[in-house]
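Note that the chains take the letters A, B, C and D in the order they are written out, and that residue 1 is the start of every chain.
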Amino acid sequence: MQAIQTQKDDEIDLLKAFQTVRAHTMELCEPLETEDYIPQPTVDVSPPKWNIAHTTWFFEEMILKKFAPAYQEFNSQFGFLFNSYYNSIGTRTRRDNRGDLSRPTVAEVFAYRRFVDEKMCELLAGNLSEELRDLIVLGLNHEQQHQELFLTDFKYTLSVNPLYPVYKKDFALVERGEELSGGTIEITGGIHEIGFEGEGFCFDNELSRHRVYLQDFTIAKNLVTNAEYLEFIEDGGYTDFRFWHSEGFDWVNQNEIAAPLYWQKIGGEQFNFTLDGLRKLKLDAPVCHVSFYEASAFAEWKKMRLPTEFEWEAAADKFDWGLRWEWTNSAYLPYPHFSKAAGAIGEYNGKFMVNQMVLRGASVATPPNHSRRTYRNFFHAPLRWQFTGIRLAK
Amino acid sequence: MQAIQTQKDDEIDLLKAFQTVRAHTMELCEPLETEDYIPQPTVDVSPPKWNIAHTTWFFEEMILKKFAPAYQEFNSQFGFLFNSYYNSIGTRTRRDNRGDLSRPTVAEVFAYRRFVDEKMCELLAGNLSEELRDLIVLGLNHEQQHQELFLTDFKYTLSVNPLYPVYKKDFALVERGEELSGGTIEITGGIHEIGFEGEGFCFDNELSRHRVYLQDFTIAKNLVTNAEYLEFIEDGGYTDFRFWHSEGFDWVNQNEIAAPLYWQKIGGEQFNFTLDGLRKLKLDAPVCHVSFYEASAFAEWKKMRLPTEFEWEAAADKFDWGLRWEWTNSAYLPYPHFSKAAGAIGEYNGKFMVNQMVLRGASVATPPNHSRRTYRNFFHAPLRWQFTGIRLAK
Amino acid sequence: MQAIQTQKDDEIDLLKAFQTVRAHTMELCEPLETEDYIPQPTVDVSPPKWNIAHTTWFFEEMILKKFAPAYQEFNSQFGFLFNSYYNSIGTRTRRDNRGDLSRPTVAEVFAYRRFVDEKMCELLAGNLSEELRDLIVLGLNHEQQHQELFLTDFKYTLSVNPLYPVYKKDFALVERGEELSGGTIEITGGIHEIGFEGEGFCFDNELSRHRVYLQDFTIAKNLVTNAEYLEFIEDGGYTDFRFWHSEGFDWVNQNEIAAPLYWQKIGGEQFNFTLDGLRKLKLDAPVCHVSFYEASAFAEWKKMRLPTEFEWEAAADKFDWGLRWEWTNSAYLPYPHFSKAAGAIGEYNGKFMVNQMVLRGASVATPPNHSRRTYRNFFHAPLRWQFTGIRLAK
Amino acid sequence: MQAIQTQKDDEIDLLKAFQTVRAHTMELCEPLETEDYIPQPTVDVSPPKWNIAHTTWFFEEMILKKFAPAYQEFNSQFGFLFNSYYNSIGTRTRRDNRGDLSRPTVAEVFAYRRFVDEKMCELLAGNLSEELRDLIVLGLNHEQQHQELFLTDFKYTLSVNPLYPVYKKDFALVERGEELSGGTIEITGGIHEIGFEGEGFCFDNELSRHRVYLQDFTIAKNLVTNAEYLEFIEDGGYTDFRFWHSEGFDWVNQNEIAAPLYWQKIGGEQFNFTLDGLRKLKLDAPVCHVSFYEASAFAEWKKMRLPTEFEWEAAADKFDWGLRWEWTNSAYLPYPHFSKAAGAIGEYNGKFMVNQMVLRGASVATPPNHSRRTYRNFFHAPLRWQFTGIRLAK
């Protein structure tokens, strides 16, 4: 696949990388009860069972069926059940139907996983073409994306349960704050190079590297905190149309939005649902689970703005990032010379390049070794179940 | 509760009845995997976990909290989680949200069940007032209704799974045919007595017994079979508006209905999803899983009609019934002198008496000792997931 | 048409009847501006242009095309444009699309009307078969039904206009009160004859006349007044679920219903939109524009109930009626031996006999000579734009 | 308003410009019947009555009420009725409710128009501050935008009428083809200046003028023709997911889209609804009334792409444009240093800068003197009722 480049010199490590990534998914599953693998409370959220089966399906469908000569599929119906959105491969379960399936059981899905792992390890022990290596690396990055979704989706599922269950007692990490140094960074305008370059993996949407002309701009060192966001709320931010995009204000009113997702007022105190259960809101932590509309309205209220994705990338060496995905004011569009791969892999990114906004950085739920300065994440403007925050620019 | 009468002379048996009914629910659960307890693929269908918790909740909420002096509830949040539609008792989980809840686990719900069973048995060992006896009998009849729903709901859940799982290998019973004697019965018009009378339990909607004037009519001895229904289909029954109610024809077109629920054509052959998996359609079995609209259109096509619920009751001694709930052409309305009980029990039936049609008889999924000639079942005209069939009249 | 009987001995009057009824429609149009003929603010409401064209279309399609040998249709596209719901006759304008059509102009529709009137008068001057006479009588009754709809629909259209336009200055009549004699009537149970009998026209749904067994009952002489309904509101009637059908209470909450349609509170005072504009609520007038749900909840609050349609008919000689259509607690179902006519006329009534409630009586908007004790009107439970009121029984 | 610049030296002409623009609106109205002013067949389309009242309201609300000392408003309720989306000014008629209003009559709206024109001419005869001049120029440009909407909206309204009415017999102009010179233009990359500069009016969204770095690119001299688009259709373009954005393909399937808006196949021949009625499709005319999704899928099928708005502006001197608005692959976002004006005028553009795509050029329906190379039009991706076409780039 032309758009993805792997490191040529570390061929020995691909088996180890495979085992490490696959093992991390299993660690994420440890705190779950069997029942937890099933529900899908909203269409954007996938059940854990689906996430762990789908990442396995990717290796079976894209790699084993094509590159492992004698491979016999584990179950001929799983291709239909665990395809996500690849039209090239055939029909698939309706996306909003994933939570309706009690079978195969969780035990069967883990057996499927072990079966595919075994066959993959056999394949990885042999000689691998460059095309195959690229696909395996893509499969691992795909699994890492689903590791983050595993956490964000399951957090959402727990949040709709009036019992407010805890995912993991020692998992406060993902909601942690940051050391606030404060201040801003000044960047001088001119031509900047944007997009991925060098060795290692990147997604096709990070290419090609190209020149962009930027104006002078200022960008904040820190993310906006819960304390600052509370000020916005208390100043009537959600009821003053002047701060909002027209469709953002409609969204606020139709959905009766008055705070970030997971905030809950109980007896006059502000709580926040976390993977460690319902806890008091931590004022100095960066605000989280806000939509693009909210991020943008907050910036307007502050008489600032969100950075573009190009500004963000040009400045990202100069501030800390990785706690929250950061909404930019850039729409998700192709870079110059962007081209889709042939076949199913070509459906990975390109077909989503309309009506979504770019997020940059990474979040506390992003798995290790899965972030870089040129990474382009993207979501629809109203979505909030990712760990999304706000950095201001001017 | 005035509308419910229990047999005065068999007080000794109430404990035994309680244990029998509660044990039957557990038998229904035996073939299930843990995962099966969770999904709710459509709002009308409840997850098995909810069904077994809700029937338990009924005894806790309506009986133990009021009549067992020192009763401590098992879990203070279950009242909210497992209330169905009793506004008197407080807020409750949104009905379409029941499948989103992985917790409490199935094991915890069974523990809840055992806890309540134990307390109920203690209570049943003591002296019981008539009011209390009536409530317990109501609770048992309520649980029996949910036993039927357990099967119909779970059948629906399995049916949306492309794997077509089997509930129970030796459970073909519920789809069985009948001996077809054929022929019709003539009933002479005049005044007939309708409604429950005598000893034993009945629901409030079966009272008061009252006089109804009927015209002469003819009613079929047998239910309409799959073979007869196939003729209707092949004659273009679903595309000819003349046979249909106006809103029935809209329903057919909007939902692209062309056969009873669970029918599936595979390779030119007609299959039928059953609790024993996908099987070839049995032509001599009574047609099942049809809506009121379909039952009515079929009758129109046959130049017959559906009986009223009064005709049905007046003739029911003269034919066999119990394989399928039988749609009547009667709307679900109160009998003369119907009155709701005070409090939560009063919400049991009366508030549903608009825009639903009455079904009479019972089905193969109805538990033992839960059917009688005066029983009034009711569903909305388009619903099909119950075991519903057609008997013709003229 | 078997279900309709005309008076044999007044053949001479059919031409006169035709002219009288058709002229009445034109009188109703007098206060309208050209613009008023167009809008359709909700799907249940038809634009005046459609009403006057559709009643004309009925005569053209059902009578002139079949019985006037050399008849040439006025415009070949009007058949499609002005068919209401007769599937037998072919496709038609989508019902919610009627307000989108500026053409044909109002002047063209009046020309169409004059053209058809002329041809009809020619036809009426000749010898008429009984079948033809029956159809013409049906056409006139059809037009009379649309005269009432003309007023109720146009009232609704004016009501959504913030200018609150007046239909007719001296038209307070349709909102008038009644002399309140008070008191109740006792009716003794037993067998009663229900349904139309005798000379003159009736609709097929009033047949056959048949016996019904009624219990003893009491029925109010007067309709419920605005003053009484205000008491219900002030007693929290709209917020107490105990008075409501389950789906009625959902309807109240989803639509934020808190008063009858057209009531409006301005500066603490209760106003009411009428065909004479916005006016202060007249406390002693019968409450109007309530849904079946509201009528039923009011009765429950009063510890009374609505009469059945059979009770109403049995008692109707003993009280005044005609100011408001009166909701009964009877579902709209066929009488014994009901049968639909062949062809398009058979679609008039039968196909609506599910999920609607019967109203009895007539309203102030009902045209002269279009009411009788056996008349069965029917609407869906939530609808309120007709002149609907409440009479209580016990 | 800082973002709008007027020519300093032609002060004398503002009165004349006012009269010219206002007269053009009246000319557009000439072919209409009174009935035509009322319907609103879909929410995006406004009735002609609303368009002509709203443009008048703009002058009354934004100018006369603030700058004409003794101005008395024509009708105090018109402010509510004819506000479009300016939250600053107060509540307004629901946008989808505009077609429900028969009053005020068309005659009254024309009287309103004449009244405001008279007062405006009085004001224009005096000394005007620069702020006032800017507002008047803005009001004229606003009216010109509504002149285009008048035609596109009314075309849509006529198109849903099965009579296919003609707007104007000699109005084929707006559907005319172009002389096809063919070929492409090569543009060399580097820094380009984008945005408005110089004398005369521009909208705030065209500012500030700024530098953009472009790669080398090629752009077509001609728009895509109907003939070329037919090839795409015949090659299965609408059924092959590979050409489509994911949400574009969903849009195609949910709405059963298979051709541009207004195309209609009758008896095997391809027709096209125009302002001159239903006519045979002209193969050499530029394709019109396509959505962004269709434009983008067509480009993908051609192995080309849509230009960005920056590429378009950089090349626009080198090809003819003005027949169709041209979809670009740029999202509608603010230019560097974009800033909204204070007050209601600030709502003009900025609040729509999310989830819309930019169109460049102008169309045959754009009024005279209302187009320029830097003009940024914007619509949602699925919308098709504007005169939208396709220019390819690479």
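Keep in mind that, in the parts below, contacts are C-beta pairs under 8 Å (C-beta built on N, C-alpha and C of every residue); 3 or more make two chains touch, one makes a residue touch a chain.
Not measured: the values here are computed from a predicted model.
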So if I look at the partners of subunit C and the partners of subunit D, which chains show up in both lists?
none
Express in whole angstrom the distance between the two chain centres, defined as the mean CA positions of subunit B and subunit D.
58
Distance between the centres, which are taken as Cα means, of subunit D and subunit A, whole angstrom
37
Multi-chain contacts in subunit A: which residues touch at least two other chains?
none
Interchain pairs in contact, sorted by label
A-B, A-D, B-C, C-D
Subunit A-touching residues of subunit D, taken from the complex the two chains share
85, 87-88, 191, 210-213, 215, 241-242, 244-249, 292-293, 296, 329-331, 333-334, 336-337, 346, 351-355, 357, 381
How about subunit A: which of its residues touch subunit B in the complex?
33-41, 49, 77, 80-81, 93, 97, 99-106, 157, 160-163, 165
